[in-house]
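Think of it as A, B, C, D, E and F in the order they're written, each chain with its own count starting at 1.
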Amino acid sequence: MHAVPPGVVRDAVARALAEDLGPLGDLTAALVPDQVMVVAEIRSRGEGVLAGSACATEAFGQVSPAVSVQWNVDDGMRMAKGDVVATVTGPLAPVLTAERTALNFLCHLSGVATLTRRFVDAVEAVNPRTRVWDTRKTLPGLRALEKAAVRAGGGVNHRGSLSDFVLIKDNHLAGLTITQAVHRARERWPGRTVEVECDRLEQVIEALAAGATLIMCDNMTPEEVKECVAVVNGRVPIEVSGGVTLETAPRYAAAGADLISTSAITQSAPAFDLGLDLHVTS
Amino acid sequence: MHAVPPGVVRDAVARALAEDLGPLGDLTAALVPDQVMVVAEIRSRGEGVLAGSACATEAFGQVSPAVSVQWNVDDGMRMAKGDVVATVTGPLAPVLTAERTALNFLCHLSGVATLTRRFVDAVEAVNPRTRVWDTRKTLPGLRALEKAAVRAGGGVNHRGSLSDFVLIKDNHLAGLTITQAVHRARERWPGRTVEVECDRLEQVIEALAAGATLIMCDNMTPEEVKECVAVVNGRVPIEVSGGVTLETAPRYAAAGADLISTSAITQSAPAFDLGLDLHVTS
Amino acid sequence: MHAVPPGVVRDAVARALAEDLGPLGDLTAALVPDQVMVVAEIRSRGEGVLAGSACATEAFGQVSPAVSVQWNVDDGMRMAKGDVVATVTGPLAPVLTAERTALNFLCHLSGVATLTRRFVDAVEAVNPRTRVWDTRKTLPGLRALEKAAVRAGGGVNHRGSLSDFVLIKDNHLAGLTITQAVHRARERWPGRTVEVECDRLEQVIEALAAGATLIMCDNMTPEEVKECVAVVNGRVPIEVSGGVTLETAPRYAAAGADLISTSAITQSAPAFDLGLDLHVTS
Amino acid sequence: MHAVPPGVVRDAVARALAEDLGPLGDLTAALVPDQVMVVAEIRSRGEGVLAGSACATEAFGQVSPAVSVQWNVDDGMRMAKGDVVATVTGPLAPVLTAERTALNFLCHLSGVATLTRRFVDAVEAVNPRTRVWDTRKTLPGLRALEKAAVRAGGGVNHRGSLSDFVLIKDNHLAGLTITQAVHRARERWPGRTVEVECDRLEQVIEALAAGATLIMCDNMTPEEVKECVAVVNGRVPIEVSGGVTLETAPRYAAAGADLISTSAITQSAPAFDLGLDLHVTS
Amino acid sequence: MHAVPPGVVRDAVARALAEDLGPLGDLTAALVPDQVMVVAEIRSRGEGVLAGSACATEAFGQVSPAVSVQWNVDDGMRMAKGDVVATVTGPLAPVLTAERTALNFLCHLSGVATLTRRFVDAVEAVNPRTRVWDTRKTLPGLRALEKAAVRAGGGVNHRGSLSDFVLIKDNHLAGLTITQAVHRARERWPGRTVEVECDRLEQVIEALAAGATLIMCDNMTPEEVKECVAVVNGRVPIEVSGGVTLETAPRYAAAGADLISTSAITQSAPAFDLGLDLHVTS
Amino acid sequence: MHAVPPGVVRDAVARALAEDLGPLGDLTAALVPDQVMVVAEIRSRGEGVLAGSACATEAFGQVSPAVSVQWNVDDGMRMAKGDVVATVTGPLAPVLTAERTALNFLCHLSGVATLTRRFVDAVEAVNPRTRVWDTRKTLPGLRALEKAAVRAGGGVNHRGSLSDFVLIKDNHLAGLTITQAVHRARERWPGRTVEVECDRLEQVIEALAAGATLIMCDNMTPEEVKECVAVVNGRVPIEVSGGVTLETAPRYAAAGADLISTSAITQSAPAFDLGLDLHVTS
């Protein structure tokens, strides 16, 4: 469920290692005696949700097949401060060389999962039927990994790319009415979701009549959303979008939104702090 | 000065567009009439510093050579809320298709530059000789772009990769003294910076005696740093590292640190809000 | 509408040229005097529909910027036998070097468009509301180009990839009922199309009750499809799938299918014959 | 003999999986319970020749190392309708995810091998010394795989790329005689095959006199070919080319052609039908 | 004639620039004032033959479109010491950044062309019909560029890759006679060159009888080669191979060899010295 | 110590194999019976130092997992003529197919290591404190591998890329004094090495006073270098550069240079001769 497509992890890690190792490799790890073996613990330094473990395993593995990683926590599980999330075993030099790349994936993706989980908890406390949705506002090159981290945090995924389904925003309505745009969408891309961004109730009504299968209430107040919910009356799902925060999300959930989307969870999630503690074993 | 190496922008944008467009392209933009021409303004929605303009230009250009971008603000310059940062001209469909990719780069990298600038302003107010340094804690695949954004924000760059210079941390000292490690570093990688992470004054003294050319004071209080500064007495630069915040940074600057490093500016910078406002011209 | 995502054409052509030119380049074109200039006509050798013109233009352009291509026919337009589809102008050697790569794209993709058009014509003659749908049975590495060729031929696109929407086939029902699978799909991937492959009417009824938004009638007779159409009664679209041929497609259209899918148009479309006729001009 | 160069299979499969899985992976397989194990049979649905087995194995393996594939039939062997070609064992979800990519390779490449074999059988029945040759009219990006499939079908490979050897066509003769072109070819590319496309007997005679080492009889009747064969008298091999079909090929073989080339086997081979039948084992 | 396939230059230069610029770009060029414009001359520092000019042009162009390069000498032409080979015009910083990459291509490839030319001159002085042949002993990743440099130096190209034609060496004869191997080669790869490596005259006789179309005399003395030449008597070309030097090459030419191959010209060619002299113009 | 960054070996070998195998693979190895097993010895044909063993192992492994390689000599160790450096075991065909690619890496990189070792031996005999430094004059695409080979030969690495540290050459001094350039370098790139190329003693004095941390004496005589050494007096290391040869290097060492750099070891190192001797075992 939380898995990313095969190939994504391998390629993202290879690219990250290439950028971190440079042409000469790790100058400092080259100073360390070859024979030193270590056990290292990846430890959580806060309360959060794990994501990115496959990337961390891949980073150690690409640097050296002699390094192995054992996970105590799976993607999507909660971590308390001080928890040993994983144990890394192998020669000192490659463990040090891969450490930063492994943690860069782990800290960013766990940051995404952790913030997602906070939104999910806030929303579900009020309305268990409301889901937290991500957006296409992701960091360039990290789309698939961040979307998987959102799932690990209990969120669900909006469009993976522009070719998934149709979302008509006001900028698309240059010379087209909502009705025309929806009709055209259903004709050209039959069988797919057709969502319409609406600023006000009349647009919701028009979109629905035209055959939209998903309604976005954009920058509305909880009260306005409530009104739309009443009008739509379960015929299609309703997404609430536009500057939603941890504070306002529960109010939209209470208003009956099916989906609340937020770019903060991918675009502005602070790194979740994880560190590597190391013990020499020989 | 703020430029990234040629090839980095082209490849990062191509990868981001591929992940956002998917196999079928932009289903929604395909609904828009071909002949509609627009002028669109990229507008700042807060106070900050611009970075990533080359990526945004490249994104529009790769989607269609018929789209052109004119910048009013250069990377590294300050933006006020409402400022028109750039003007985008061309057919509606490709402008909409490239919009999200262009903004994803722009919002993230301007977020990095903006947070860097806040650290720089805080530090320089106290000690104009103190510089804000980044780290290798960057988002995977975005190293070169984020490091350029740090420069745009007035910061300077620590190691670009592990092959730039030597940085001996305590994990490297398995079975080696600081003195041995520094000697080995100078022998194997002559002519390069050799930095040593120190927890306490005695380590600073040992590192200096061994020939270190840069000292990192790790997780020290401003008072401890001050003591180190006095002992080092300008012979080599001193970096302060470890959980530095916007609040504590000025105190380290006052203590005489040459360089204050922080991972927050790359790893935890919230997206800076920029949007595209669109006007149909034909 | 027929366009492929930016980057796809460039990369596919670069790959095709690399495989056709080998390490030494075109041994035979190297024998030709440098100064010979030509005008060449790409000519249709049958009745069909054009697709792939952007690839052909790109192939000539990547081999030499001195070669230019002028199109008389756009993707999606019909060609008669003998029609001059495009005119290629430039030095003889690069025109000959790029010829085969350009034609390989053009002949295959026009073959896809042409066969699609034959299905579309056959179906629309009977039921103008019925659309021809492609499948994921495409040639490896050519998905985006073939899906664009299907659009050029008047067809529409089923899923671009497995991450577009949900399609529950009988192999997915190991230990799940249709009802359970549809509920799970709507919970995990809200807002997206959920299609169910049905072998018989009872499955259609169950899928519809569970909330499927698209029904596939798999390997049914036109009579069985007609019965399903009556039961579904326009609530969701109905796809007919499974061994549909040019002969049987109209019968399914007459039965009221919204969408008729066929793998033949991508997987088994014979190359459409186009050739290059060359005139030396200097 | 039928093998493709190392790297080709790995890269072609990685590209195909990336295009089929998209950013979110297989939405539908994600619904399936993790613990379900299956045995699946790849079964032939017609009479034909297998090709592409390495690609299918690679597809399942790249999706999950927990899936294994056992082949009962090797590339190049004949399959009857209903034959179990291979057995796939592993967890249900990755088997379903890889299924389409594996079959897309297998069906296309077995289609190429099967059509090649039909040509080979038709030709060898008449003249066991005549061989079926492929062309450079292959699908873009699939050259190496299709050429291997031709070998699996009993055919042989003409040029792999333009840098293999010289083939002088009439378009190359702008301002050069055949004699001049052949001399130049032998001077610039010594030791290599120099083939000349001939429309009529006089050209064959000129080419032979100039030192061509291979003669192509282009668009000649079987009678004309017979005449050329008599004149060449075994000094160099003779290729027959131009619109050869399964019906006309035997007549050219009877005329004494050494090689009969056809683009149909790569460019217009219909997919050979193979399917995956699945049994849950736990 | 000296051109490399399109795509090779672009990709090789992009790779070389990426490895030379690193994540931060050219630290030193970043110190230079933006407005300084220069004219720089690429000057030969010895007697030799130019190759690689397209790579140098591409290197400057990829670093900045504001830099232009004008060539006075083409690939394949002789340079005297002090000759101005090309003029580079543009802003100082990108000229300096691209300088080393441009020269690295130019010096290596001109080194290959220059050493090739020395072999060609030595051989042609004795026997104008003898050609200098390269080998597959090239530097990894530079095959196509080095083979083009050999052509620029007046040499000709042996196999570009293992898939060009057949070359049976003694290691291939495990359990096969020369006769068997040649027959098998002609059967499996009809129409192609079949070369046999021979240590002694009897092998030459056997290979010829079996139908080899090219004979390699390996590690023979000039006298032994002469004997082979007499026996072969012009029926197929003869290659001399094995430790040939500038001193011994003319003796093999005098013995009547058609082709003399040497790995020294690609594998051991010293860099040809070219430098960049720079004049500030504003 | 001699290791290259993970990923570099895998990618360089994949690229080299792709260029050597072409679209059809190894035509000649395809003639060899499948069941023949061999043991092959990689044997030194001269006195030298090994480098590149990881590439050779990778080449055999990528061609076939059935081939294994056992090394008797490690990178950096000396080889005498006739030494068996490694033993290769496996089926004959893939051993032959990988042979040339494996040896191309091994011969070039051992050539680099061997020439480096000759410089190191010459220099250390006179002054054990003097080190041999490489340059950025490396073959395009082989930077990381050649730099590792230099380390294997006992040399040390100058800059890996332009982003490692600052090196101010006279071309950078357009409108800047040395003092200004050094100050700017220390301000923009704090903590990093700042090297200045000096033609004469006054420049050394100015650079030192400005804060340079490394001095390059360019094209000076040993006597001039000696004078500089006396003036610098151990405050920073001194590099000697410019046309240094095996003959002149010891004189610079005697003059007290810390580092002697030479481009010959990477750009002009002749291939070191290694061959594969093969024994059939079944």
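Rule of thumb we're sticking to: a residue touches a chain if its C-beta (ideal position, glycine included) is under 8 Å from a C-beta of that chain, and two chains touch if they have at least 3 such contacts.
What you see is a predicted model; the values in this text were computed from it and never measured.
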| item | value |
| --- | --- |
| Both-way neighbours, i.e. chains that touch chain E and touch chain D | A, B, C, F |
| Minimum number of chain-to-chain contact steps, chain A to chain E | 1 |
| Copies chain B and chain E touch via same or different residues, half shared test | different |
| Pair exhibiting more inter-chain C-beta contacts, A-C or C-D | C-D |
| Distance from chain F to chain E - Cα centre to Cα centre, in angstrom | 22 |
| Whole-Å separation of chain centres (CA-atom averages), chain C against chain F | 51 |
| Intercentroid distance (Cα basis), chain C paired with chain B, Å | 44 |
| Interface hub residues of chain A, defined as touching at least two other chains | 1, 5, 19, 21-26, 30, 143-144, 157, 160-161, 163-165, 188-189, 192 |
| Pairwise touch network: line, ring, star, complete, or other | complete |
| Sites on chain C touched by chain D in the complex | 12-13, 15-16, 19-33, 36, 38, 55, 92, 96-97, 100-101, 103-105, 107-108, 111, 136-144, 160-169, 171-172, 174-176, 181, 184-185, 188-189, 192, 263-264, 267-268, 270-271, 276, 278, 280 |
| Contacting residues of chain B [partner chain F, same complex] | 1, 5, 131, 133, 156-158, 160, 163-165, 188-193, 195, 213-214, 237, 239, 258-259 |
| Complex interface listing, chain D residues touching chain B | 19, 22-23 |
| Contact footprint of chain D on chain A as seen in their complex | 1, 3-7, 143-144, 147, 157, 160-161 |
| Interfacial residue positions of chain C with respect to chain E in the complex | 14, 17-18, 21-26, 30, 62-64 |
